[in-house]
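Here it is, the structure in full.
Chain IDs A, B and C follow the sequence of writing; residue 1 opens each chain.
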Amino acid sequence: MNALITYTFLFVHGIAVTAAAWIVASCVSMLVGTVFGMLSCRYSAWPSLGGAIGVYTFVTKGIPAYVQILIAYFIIPSLLGIQIPGFVAATGALAFCSSGYVTEIVRAGINAVPAGQWDACAVLGYSFSATMGRIIMPQALANMAPALFGECEQLLKSTSLLATIGITELTRTGMNIISRELNPVPVYVAIACIYLLFSALLNIALRCVEGRFNGQR
Amino acid sequence: MVSVKNLTVYAKNQRVLDAISCTLVPGRITCFMGKSGAGKTTLLKSLVQLIPIAAGEITINDRTAHALSPQERATMIGYVFQQFNLFSNLTVLENCIDPLIVKGVARADALAKAKEILEKLGMREYADSYPSALSGGQQQRVAIARALCLQPQVLLLDEPTASLDPINTDILIALLRTLLIDGLIIGVSSQDMDFVRKIFDRVYYLESGRITEFCDGLGNLDNCPALRAFL
Amino acid sequence: MTMKKMIIAVILLVGVIGGYVMVQRSRAPKDETMLVVGTAAGYAPWVSINERGEYEGFDIDVINAVAQKLNKKLVLKDLGSMTPLFLALQQGSIDVFIWGMEITQDRLKNVAMVRYQGDTISAYPVLFWNAIPETITSIDDMKGLTVCVEPASSQEAVLNKYDGITKKYTERVDDALMNLEYGKADAACVEPAIAKKFMAIYPEIKMLEVPLAEEDMVYGVGICVKKDNQVLIEEIQNAVKNLRDEGVIQALETKWNIS
């Protein structure tokens, strides 16, 4: 236990890095995924985009996250002749990888909304954005919420992949301490608890969101 | 007045409506009757641009339908779906004010108008309920209220009695008669013999995408053998 | 709606400006007064991060001394693991890397290595918990046993030569330690420095030695440099020689408890 307290500074730093990577990757992934999901749904105003978005989800889901991180950190910078900081490259890769899944979740959620809702909006003179924003998305969110939170949880666990290119997120911090003190058990237990804490916060948030929707069912 | 001339509509390469011509007039309920698949619903849907038109002309009060933008058309024709299609994520009151707010009406004015119409249809006390909590008849009245909030000159109802019990059917008929007094043009598609008998006004009979008979008033049924048989 | 649009516009602006700045900075010509060194924390006592968040270790002190000798500013880049270190060296985003890397014939085919510590190793330690079974006096007696080893390490290459030994891959030394302690494996084959460290802390560990063939021998640990970078290789060789003559390296070995 003493060892854990000595390294508090490192733990705090590790938690901060993990949290930052998680939040940034989640936000970008959700944003991109939602936009692409809306553009590729059954009643989209731009149906020709469906093919391109299909390719996008195929690529992002098909390449393992670790490989994407290596590509983002090594191959892309050398192709473009620039240097990309590790945190940016890895977080970007995670966001890219996750956005494919989010696109599919959002698209499925939107397509599950009854077609009649689209018809009602059409006869009432709603534009595509009014239809989406006021009627379709609120209904779709109720369908999508559990899956989206699940994807968020996956992202949290994937942040440990940042360790492979040297970013000192939580798991890597633990590995470093263990190499110095040779005390794997207390360190891994502490780290597991911290991840669980993040997860618990996410689950509470999900519970709140679902509660709001239940009033309308 | 709504005037339809030589309307032809295709669906999946099949001709569903074949050069249909008919009119809807103010102060009278115009019914479209026929067996399933005759084209009644297709006709109504093509009037509100839900289904594309292959040929023909639709004019609403001297304005050509396809020259209208969707927003303009929405303020001229209201439509009540057979399944109502109320917005499940909004309350009854919100369902009614939403189209007005999208149109650009100030919230206070929208609320006043919606409450007035809900009052007229007897649904004011359900303003804060969600559609899922209402019965079929109640949902239909909300659907009609929502359509009326945009103050259209025409109101179309697709198979309105399909999911109603006899009591609610009578409520609906009384309601439609009230709306006629305000000068509304009402069009209805139906297979319900009892309903049509009760509101018999102007009836078109459709068969396989064509209008085969037209009867103006109960007194003239002699000219309409198919209708007479149906009824 | 306008509030949302403003927020989106601000985020986009920040993103574009940030990207532009990043690209400009990275396009700046390489600074000749810098020595960019790759490494990876989590490998005490060679390289690790202390409680204050600073990099420390035998390798850190050595490369600091070398940089001083070369009159260059040291820039450390933590790349996390073996693969990124080699990749970065090939790409040229680092000049050298230092990570307790054992010098072997195999590795010398791909990179140049400058020895800075360690004698030639002609045997590897195999560690047992509590007691070496009586029947085992050398590696040939170990058929059917499970031995922990780091994947892609020189130890693994040696174990591969002996049939009948079941290899259990453990990425890090603490994994191997746990396997031994909780009986998940019969033995662990690690580097001599690690073996020494373990045995100092845990008296339960007993050691057996596995002699090496010539091509498996390890000639100490070295700083990895790109093969065609002759100038840098010579500079570093001279620096290390000077440091050794001055006794700096030996002092560091004592400080960090490395044999």
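One rule holds in what follows: a residue touches a chain if its C-beta (ideal position, glycine included) is under 8 Å from a C-beta of that chain, and two chains touch if they have at least 3 such contacts.
Treat the numbers as computed from the prediction; the structure is a model and nothing was measured.
Asker: What chain sits nearest the middle when you go by CA atom centres?
Answerer: Looking at where each chain's C-alpha mean falls, the closest to the middle is A.
Asker: Tell me which chain's centre, taken as the mean of its C-alpha atoms, is farthest from chain B.
Answerer: So the chain farthest away from chain B turns out to be C.
Asker: Between chain pairs A-C and A-B, which one is joined by a greater number of C-beta pairs in contact?
Answerer: A-C
Asker: What is the distance in Å between the mean C-alpha positions of chain B and chain C?
Answerer: Distance between chain centres, rounded to whole Å: 78 Å.
Asker: So how far apart, in whole Å, are chain A and chain C when each is placed at the average of its C-alpha atoms?
Answerer: The mean C-alpha positions of chain A and chain C differ by 33 Å.
Asker: Let me have the rounded angstrom distance from the C-alpha centre of chain A over to the C-alpha centre of chain B, please.
Answerer: 46
Asker: Residues of chain A touching chain C in their complex?
Answerer: 6-10, 13, 70, 73-74, 77-78, 81-86, 88, 163-168, 172-173, 175-176, 178-180, 182, 184
Asker: Can you tell me which positions in chain A touch chain B when the two form their complex?
Answerer: 114, 116-117, 119-120, 122-127, 130, 134-135, 138-139, 142, 215-217
Asker: For a test of understanding, state which residues of chain C touch chain A in their complex under the given definition.
Answerer: So the residues of chain C in touch with chain A come to 22-23, 26-27, 40-45, 48-53, 77-81, 83-84, 87-88, 91, 93, 172-175, 177-178, 198, 201.
Asker: Give the list of chain B residues in touch with chain A in this complex.
Answerer: Against chain A, the touching part of chain B is residues 48-50, 69-75, 77-79, 81, 83, 85-90, 98-99, 102-103, 130, 132, 146-147, 150.
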